[in-house]
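In the two assemblies presented below, chain A is common to both, partnered first by chain B and then by chain C.
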Partner chain A sequence: MSGRIVARRVFMALALPIIIVVLWWVGTLNDTNPFVPKPVNVVSDLVTVWAGPLLVEQVVPSLYRLGVGLGGAIIVGVLLGVLVGLSRVARKLTGPLFEFVRAVPPPVLLPVLLLVIGIDDRSKIFLIFLGCLWPVLLNTIDGVRSVDQVLGDTTRTYGLRGWSRLRYFVLPASMPRIMTGIRLALPIAIILMVVSELYAALDGLGYQIMLFKQTFQTGPMWAGIFIIGFIGILLAFIFRVIERRVLAWYYGQREVESSER
Partner chain B sequence: MSADVQGGVTGAEAPVLLSVQGIQKIYATTGGGGVEAVRDLTFDLRKGEFACLVGPSGSGKTTLLKVISGLMAPTKGKVVLDGTVVDGPPRNMALVFQEYGRSLYPWMRVAENVELPLKVAGVAKDERKARVAEALEAVGLSHVPKSYPWQLSGGMQQRVAIARAVAYQPEVLLMDEPFAAVDAQTRADLEDLVRSVWAKLGLTVLFVTHDIDESVYLGERVIVLSSSPTVILDDLHIDLPAERDQLETRSDPRFVELRHHVYEQIQKAKTYTGDTNTIRTVA
Partner chain C sequence: MPTSTAPAERTTRIPFSQTRVSTPVLGVIGILAFIAIWELASRLELVNPLYLPPFSEVAATVVQVLIGDQYRVQFWTALGNTMLGWSVGLVISLVLGIVAGLIIGSNRWVREFTHSTVEFLRPIPSVGLIPIAIVIFGVRPTATIAIVVWACFWVVLIHVVYGVTDVDPVAESTARSYGFGPFARARYVVWPTLLPYLMTGLRLSGTIALVVAITIEIVVQAPGIGQMIAQYQSAGNAKVVYALALLAGVVGLLINLALRRLENSVLSWHPSVRGEVVL
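== the complex of A and B ==
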């Protein structure tokens, strides 16, 4: 990629945020309300308050819980999804149950989890896990169910059974849907990460933001909210890099197909 | 069958390898009845034979091939391969599908696609590599082992599928209208390729097609099927020289004669009604 194209892309990505920040800056220039944040204050709070030990103390625990909860949801969701997706009986048995559990908004479960599991990391991790499980699980089931019939016949005629069928056919064939499930789980993970830290928490980004709010430190509070946004961007970026690698064949094939039409 | 095209039996000395015995296939339908795709089919393939099954479209050819390959159980009758009743895809059989775009793994490179069945079958790595290279060489694709299937043209993808079948070293090679979706020039090349692979490796080939010219050009034997529910209308020996050539063979008076004969049979097949109406919905 040439330098000019890169520069152009960066400009396109940043143009709108810059405009918004400028509008924000102009709009709050003469504002004296202490609860209305000003961009300059937010940036200075980001640097003076957050950058340093606070970032490590509060963001690392949050990211740890997010990582374990999301990672667990991906592993369990894919394993369970493959098992359920492969068996018609299992699909029929679990269908209504999954619909029911999925309809319950995960944050509602937090009080219950706090009572049952306790106020330590585990209840928070479990909440993130539970919220992220459904998109991964349901998409994996759909992915496994919708593998190509002809390819399935090919797999059978060449004697691929059991683990090799799974490893070389079912899993790669459902990978596009599995990745879709993970993509849907990312924002849920971030939301639940913060929500789980709003009550009965001792550390974490959500906890720290609440603390700033309760002590009327509006600037640092807003800076914390921005950090959540940056985490979202970072996660999406990491996901895209992994997805481009894992699904290179899928996007390549789609590109060829669309250019033939 | 008219006398002048009735041929002798191909390789009468060779033992029967594949025996299709009284196959009937009725698909269950939601209405509780069924659709009879294949009525009653019986034929034997001798070792080393190249037979074409030709029939009008919708003549249950694909159904028949799925039953023979063990992908689908027949309603009645059985398939015996090398003395064993087929009740699942047998190890010594390979199948090439019409839908080349959907029969290769798009997440694997060409060589990996060819290699996978061998890997799963537990063939040692060195031998695997040698067989993959040999098979790709045989189909003229030695230069693209690292490409992905979707980066290749349709004809090349079908060559990969053939290479995979060849590397698997089956005794019987089943082909389900493999060239129906490629352009005419590619098709001619692939026809000659299949003939040369057959001649070189001594495979037994059962080639399903709706194309009359193709069946006569390729086969040592042509089995003509009726429209669904399928029965055999004719079974004739193709007494053309073993060395086939797209130009020479196709203008050979004998080719024209045989082609004419099969064409007539197919026309009959189209209008063949039998007692179709009473059978279409079998309770």
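== the complex of A and C ==
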């Protein structure tokens, strides 16, 4: 019985992707248009062109910038968000300003940052940092602001203050919103990583894809875009695993609450 | 939660930060402080003023760009191009997203069948597709629209699917036993449940569409605000670059405000919006 359920699950998960690939394969079988890729070619390009030194030379710098930018944004965003969120005056001081700065599309800053910092790693890391900062920061502020009032009073009554109040009450209580902010920041980080490399770069995944495009190597270009897609999917997956662990108590609590209803 | 009695007025003086006027006053102070820091950083040459012109000069340039003879025509044409890509892309992704979302959401089997594919395709970053779109469509508005559609379609789709699956089974059965046909059920049961989700999806994708459109213009020099920014950057005219960046922020803010307005008026009957009015 359970074997049948597993078989059904596997079928459901794989059926449509297989259909799509087969349609793609059949549809491009007799196609000679060099701009339309064939699944076999994309896979072979993935193996022959990308796997090996190219992967290390071009993908590692991209991931390094992504990691530093995103990590910095999370650290600064949460720290600043807690500070601002705890103070009513700070919230009101920064409210309209943050609302405006957030509305500026981050890629607009790319030319500006190139002017100020230059074409090297720092301008790209800083761009990723700036783009990811706002979702993390604003969600943290919101999360800290909207912690449970009764719990807040309780911790105060029990003499929980300073660092331990922060560690055992404020941070856990706002963690669901913080994680939401990080989840929103993930796609922004990848987008800005690629954009900064498409626009002006000396290495990186986006740079290499642009190079393939300009030299009309369509197959490797498609394979590179698949790699970007894989990075996106991988990041989303890693995030979900971490979120499940960090917010295990939260999901448990919600399940209990919804079953009580 | 609306309380029937207002909280008792305290006789002690209320701190300024809790008064009603403090919100706009502190907000304006915050913005002024930001502007002052910008101005000083440039005037005192903490940052090279060539790269970061003082705010006062950028503000003057903003006015120039909006109504001055030198930039006016170029700016408004560029803005028109950007907004064209934005609106067409948004409308297409709305239509596609709603149709696909209704099909996927209304049937459990279809939902399971498509789940893995949707979850696989959704995280693929839109800008990664820029080279493909350029190869297929060339540097034309179609390329911009195609990528905007890709970026927004998934947002709309997910929200519509959530909305359709959120329909209360009791309400659905009730309507059915009262003899509501499929169209009446769609109109009176599914639609009201779906609408809040759809409006959230629309608001999110409105912002995403603008960011994506401007990004493509910067990267591949498609006509629009982004292209204008990139041009003035390579010409080394920092003032115009900053002025355009500020204006892009204003456009983003206006879009956000307009969509929030729309959401509130369309959903004026919904508890989440009504609640805000009461409080």
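Heads up, the rule we're going with is that the second predicted complex is superposed on the first by the 246 of 261 C-alpha atoms of A that agree within 3 Å, B and C clash if a C-alpha of one lies under 4 Å from a C-alpha of the other, contacts with A are read in each partner's own complex, and residues count from 1 in each chain.
Everything below uses one rule, namely that a contact is a pair of C-beta atoms (placed from the backbone, for glycine too) under 8 Å apart; a residue touches a chain by one contact, two chains touch by 3 or more.
Note that this is a predicted model, so its numbers are computed, not measured.
Student: Going by the contact rule set out at the top, does A:V40 touch chain B (first), chain C (second), both, or neither?
Tutor: In the superposition, A:V40 contacts neither chain B nor chain C.
Student: Looking at the overlay, what does A:W222 touch: chain B (first), chain C (second), both, or neither?
Tutor: second
Student: Pick one for A:V256: touches chain B only (first), chain C only (second), both, or neither.
Tutor: first
Student: In the superposed model, which partner reaches more residues of chain A, chain B or chain C?
Tutor: C
Student: A:M12 contacts which: chain B (first), chain C (second), both, neither?
Tutor: Second partner only.
Student: For A:L93, decide between first (touching chain B), second (touching chain C), both and neither.
Tutor: Second partner only.
Student: Is A:A103 touching anything from chain B or chain C once the two structures are fitted on A? First, second, both or neither.
Tutor: second
Student: Under the stated touch criterion, which partner chain does A:I242 make contact with: chain B (first), chain C (second), both, or neither?
Tutor: neither
Student: Which holds for A:K213: it touches chain B only (first), chain C only (second), both, or neither?
Tutor: second
Student: Where on chain A does chain B make contact in their complex?
Tutor: Going through chain A, the ones touching chain B are 148-151, 153-154, 156-160, 164, 168-169, 172-173, 175, 249-250, 252-253, 256-257.
Student: Can you check the complex and tell me which residues of chain A touch chain C?
Tutor: Interface residues on the chain A side: 12-17, 20, 35, 88-89, 92-97, 99-101, 103-112, 114-116, 187, 190-191, 194-195, 198-199, 209-210, 212-213, 218, 221-222, 225, 228-229, 232-233, 235-236.
Student: In their complex, what parts of chain B are in touch with chain A?
Tutor: Residue list for chain B touching chain A: 66, 69-71, 88-89, 91, 93-95, 97, 99, 102-108, 116-117, 120-121, 148, 150-151, 164, 168.
Student: Mind listing the chain C positions that touch chain A in their complex?
Tutor: Against chain A, chain C makes touches at 17-18, 22-23, 26-31, 33-34, 47-48, 51-52, 112-117, 120, 123-132, 134-136, 207, 210-211, 214-215, 218-219, 226, 229-230, 232-233, 236, 238, 241-242, 244-246, 248-250, 252-253, 256.
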